[in-house]
Amino acid sequence: NLGVASGSRGKKLPLVDHKGRMNVEMTGFPKGFLYYNDLFHTLVNLKNWRFTALLFAVYFLLFVVFAIPFYIDARHNRCIPGVRSFLHAIWFSVQSALTIGFGGEMVPNPDCKMSNFLVALEGVITLLVNYSLLGVVYARFSRPAKRAGTLRFSRNMVLYEEDGVPCLALRVGNIRKHQIIEAHVRMLVAINRPYAAEDESVFRFTTLPVLGGGQVFLGLPAIVAHPITPSSPLYGLTFEMMEQCDMEILVLLEGVDASTSAKLQARASYRPSDIKLNCCFSTMVTRQPSGRRAVDFRSFDAVVPVTPSAMRRPLRSLAFPDASSPSPNGRGR
Amino acid sequence: NLGVASGSRGKKLPLVDHKGRMNVEMTGFPKGFLYYNDLFHTLVNLKNWRFTALLFAVYFLLFVVFAIPFYIDARHNRCIPGVRSFLHAIWFSVQSALTIGFGGEMVPNPDCKMSNFLVALEGVITLLVNYSLLGVVYARFSRPAKRAGTLRFSRNMVLYEEDGVPCLALRVGNIRKHQIIEAHVRMLVAINRPYAAEDESVFRFTTLPVLGGGQVFLGLPAIVAHPITPSSPLYGLTFEMMEQCDMEILVLLEGVDASTSAKLQARASYRPSDIKLNCCFSTMVTRQPSGRRAVDFRSFDAVVPVTPSAMRRPLRSLAFPDASSPSPNGRGR
Amino acid sequence: NLGVASGSRGKKLPLVDHKGRMNVEMTGFPKGFLYYNDLFHTLVNLKNWRFTALLFAVYFLLFVVFAIPFYIDARHNRCIPGVRSFLHAIWFSVQSALTIGFGGEMVPNPDCKMSNFLVALEGVITLLVNYSLLGVVYARFSRPAKRAGTLRFSRNMVLYEEDGVPCLALRVGNIRKHQIIEAHVRMLVAINRPYAAEDESVFRFTTLPVLGGGQVFLGLPAIVAHPITPSSPLYGLTFEMMEQCDMEILVLLEGVDASTSAKLQARASYRPSDIKLNCCFSTMVTRQPSGRRAVDFRSFDAVVPVTPSAMRRPLRSLAFPDASSPSPNGRGR
Amino acid sequence: NLGVASGSRGKKLPLVDHKGRMNVEMTGFPKGFLYYNDLFHTLVNLKNWRFTALLFAVYFLLFVVFAIPFYIDARHNRCIPGVRSFLHAIWFSVQSALTIGFGGEMVPNPDCKMSNFLVALEGVITLLVNYSLLGVVYARFSRPAKRAGTLRFSRNMVLYEEDGVPCLALRVGNIRKHQIIEAHVRMLVAINRPYAAEDESVFRFTTLPVLGGGQVFLGLPAIVAHPITPSSPLYGLTFEMMEQCDMEILVLLEGVDASTSAKLQARASYRPSDIKLNCCFSTMVTRQPSGRRAVDFRSFDAVVPVTPSAMRRPLRSLAFPDASSPSPNGRGR
């Protein structure tokens, strides 16, 4: 029931590119207003050079804005000795805001209430600016998206038969030593379905249940499989039909980084042409002479051809999938 | 089995306003005590101008409180040259707390143990104040509630028949590019039920199960539907009955912001008069010539009328909802 | 099948006191070693006055430790003018660590490599100390435990019959306006069971399933009920038997604070004598003239007596519990 | 159906060592590139001495790099009086970066635009460096892995018969007073299964369902049991077969620290030789004269032999496991 198809009509980019970013253009809402309201997340997601430029601009503005009253005060009341030009006032403002206070000639007159108040005000406002920017820098630097980049998905999916049931599987792995807590995989199929009027269609995601409920332990690379049972949305589909309805399989690997408790999501998407028929992933986990287990990521994407009869089950019960998960297939268990 | 009703008796505000805030007044508990005990969350949830005023007041107080012993010390022991008035003492206190230390005339006498100890004490206490306020500023600035404001709910719910089962649906969307992890929708119905004595009634929330278990992927706008099967609390209700028991449907969209790992909740509530009968949401997702998918949020709230027979299912299995979710309807699957 | 019992043998403190703290003494493990290894959590959970004392001690130590080489350097090489005693050296160390640098007489000689290196070293080490303490202060100040204190449990549980099934219920509420995300309640029964030999017994917690799967929306106070069906561990027990096996019901209310994303857990525990038979909680939610809903927490603990027949169900389906939750009772649904 | 086996062929280290670290070697991916891309997590997971060295190196570099233009400026334009050598320039750079500004001779000439701009630039860049390092120090210091070290697993698993069903159990405990929220245990069995070709084998984890769905309350030590029913992957296996297929049972205890909301995972792994047949864990929880419960961790690992008939159930229903969990065994309930 699985024919092989080929060719795609028109240019169709996948939902998710190879870096896990969405290939989606969004329009039709007032960007400015909403972005300003959610300033923090806008700053956190700015490009690096833009954020750096913004950060320097903020401090520059702070220095210059406070230099104005310092300059006026110095010209009229001679409150800050040594400030004879606006550049001097900026220099004094820098010393106050950064709390350097070199002293020397530029020590404000203790009798000038206004200039002393301005120094205090600039100090407190700078603290406020520091606190806000510190939070943004921290959130940017610790962004879990970068951690998600150390999670790997196999380049292809494989489709093999196990006990007479076709299984659509991929391999996921974590190339960092520290763990992902509560890691779980969600497999979704995205399809276009004609609907209502002739020219309207619904784009809808449907979850594909995976063996073991999707929970994985990423201490070692794991294989995640969806059994194509009669209740599966993929049951009875040929590769041509998959191409025709613009099918795409989206895989989400979600979990929590053990060192920072940050929640992360890695994404991959597979087109029908990315599915390798009658193949399985090759062995990656071996024993070293020292007794430790070894994982070789060079075999991560490697597949080996299998015939249905090759999937032997010498230890009957050990081969069974997780019994506690809702049995998604009608294999008579 | 779904009659259309109109008109509401008396003024009834919805549970949740258009900004997602609760329309609920709470009384009868000792606010002061509990709020003081949970000072951090009180500070985080203060209005902006109140928090700013408080922050300046805290630093002002710090400057002034330490100015007192400095002034006494300067008057009696001439320990801080240049401090001849209380304003001078405040100015010295500002220089110490903000660690500016301009120097000049105002350099404490190294032989005065008390004033030197006071400077050290003020420095450490200011650090403590800084740390505490920094945490509050960070928590305020990164508040996930603002992120939740970039999540959108359709203005109306729609009620259409699919395969003979009436479905109550809404559309949810994320207008930011960065993702919401583990997004899921909960639909609750709030009703008033007469109970025990004649004048007592119970206000109770009951969960409405949604297709696919409520898990959504917000990379693209998603439609969330509750099938009104015989086991649904809404089964057999007319619009009049809904109005009569003051029914309100509360929708909670919960998830984790991918860039900061903050958990967020967006809320919307629908009255019976917000439900559009025999309508569906119109198409929002199209392909651009470049091959990327495009989402036009101008069609977000748009609905198109449908007749029950128009919900065709050309690809039988693809139309089926998630098979792994507990089948909430008796459609014979 | 529910007789009323009275009296408890011997003094028995509940598992959880009225502030939600565990009444449990733990012995038999090397505290020191483990606590040192997990220094951060030890510091976060220190009592307030101990932590404040420790914080001042750390900075004092820092000032004094660096004063030693400054003093030696000043005595032998006259590198820091004005440092003529150890107290002067401490004062200089304070100015360096807090980055005040008043200047005046105490400006280190630029030709003294060692003293200049020491100033730089003290500055960087102080930064490190600041960073570490800042994290602890932040974690202490934002501790979700304090937020959990604004969650309320009813003083008593009630036991009433609904449709012939006895239900054991309590009320939970949130007295703050900002929400708890993904709030859910777990009910556990703690019992002592004789086991193996005559003098050995097992203390075991068993989960009591609650209607609706335990998920609550705390925008308004919620009633959480466990139906005592034949599969319930409480089925067929009299109050005397509950007392005899030292029964205690532990209720955990877990969720995420919406303003800080902190996970929190509030706890309450109920003894058999805390259960009020044939009672229900009284009405708390009403409509104000303005149309807003009003919650009066003075009625939070109030109960009203009910007779089994009083639990009327005028709208059949609205009274049904959440249909999506696993049906824990055998009411023939 | 449970024979006792002995001896292991070849050296085989367990998956997880006694400190919870994975005994796994990973190769075959470009470490450098990925680690640099995820710099934050690389810094958070560096060894302590390496991180400290790096931190000092970063500040040293910062001081020296800015000393270069200061030195040039001082030599050519006499902009910073007192800077007569490169060491003087470093010393001036230290005073600017740490914002000490002792003053004295080394006060930059206010008319030198370049040197004043450099001081401002160094100040802002140092702030940026501070913010970044502060985040790393905080993340390192609060690492939940250390908290996970205060969670304990029993040294052995026990295998006893209860109501005719063999149960494989372990004990978990929390030796800190503050709680773990939403604690849950996952039990996985790791096996090697011959597959496809003669020399290929699949290493696969299968979840072992535990009574009560794995949710535990760690206020007191808890026993977690997997019933070996016909649907269990372990059903019908002898100890020899377990050894033969290199079986290992991995136990993951996951939850959230109540004081910091950090998610944590503690790990333990058991080989067939770690399973004690016909034993149960001995009593740990008693009542003190004061009425408080007492937990003695010296009995944490202690087991007592039991005979199948000794598992009496005097209170029928109290002995039943959680009724709401999916019944994993076919005991006819």
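Letters A, B, C and D mark the chains as written, and numbering starts fresh at 1 in each.
Rule of thumb we're sticking to: a contact is a pair of C-beta atoms (placed from the backbone, for glycine too) under 8 Å apart; a residue touches a chain by one contact, two chains touch by 3 or more.
As the structure is a prediction and not an experimental result, all values here were calculated from the model.
For chain D, the chain whose average C-alpha position is most distant is B.
The pairing of chain A with chain D is characterised as different-residue: of all residue numbers used at this interface, under half are used by both copies.
In terms of residue-numbered contacts, A-B and A-D present the same interface, as over half of their contact pairs agree; the other options in A-C, A-D or B-D do not.
Spacing of chain B relative to chain D, judged by their CA centroids, is 31 angstrom. The distance from the centre of chain B to the centre of chain C, each centre being the mean of the chain's C-alpha atoms, comes to 22 Å. Across the assembly, chain A contributes 95, 99-101, 103, 106, 134, 138, 143, 261, 326 as residues in contact with two or more other chains. Interface residues of chain A, counted against chain C in their complex, comprise 99, 101, 103. Looking at the complex, you find that chain A touches chain B at residues 10-13, 15-16, 22-29, 34, 37-41, 44-45, 95-96, 99-101, 103, 106-108, 110-111, 113, 116, 119-120, 123-124, 127-128, 131-132, 134-136, 138-139, 143-145, 186, 188-189, 191, 193-197, 200-207, 209, 231-237, 241, 245, 250, 252, 254, 261-265, 267, 326, 328. If you check the complex, the residues on chain A that touch chain D are 55-56, 59, 63, 82-83, 87-88, 90-92, 94-95, 98-106, 130, 133-134, 137-138, 141-143, 146-147, 149-150, 152, 175-179, 181-182, 212-213, 215-217, 219-220, 222-223, 256-261, 280, 282-285, 287-300, 304, 306, 310-326, 333.
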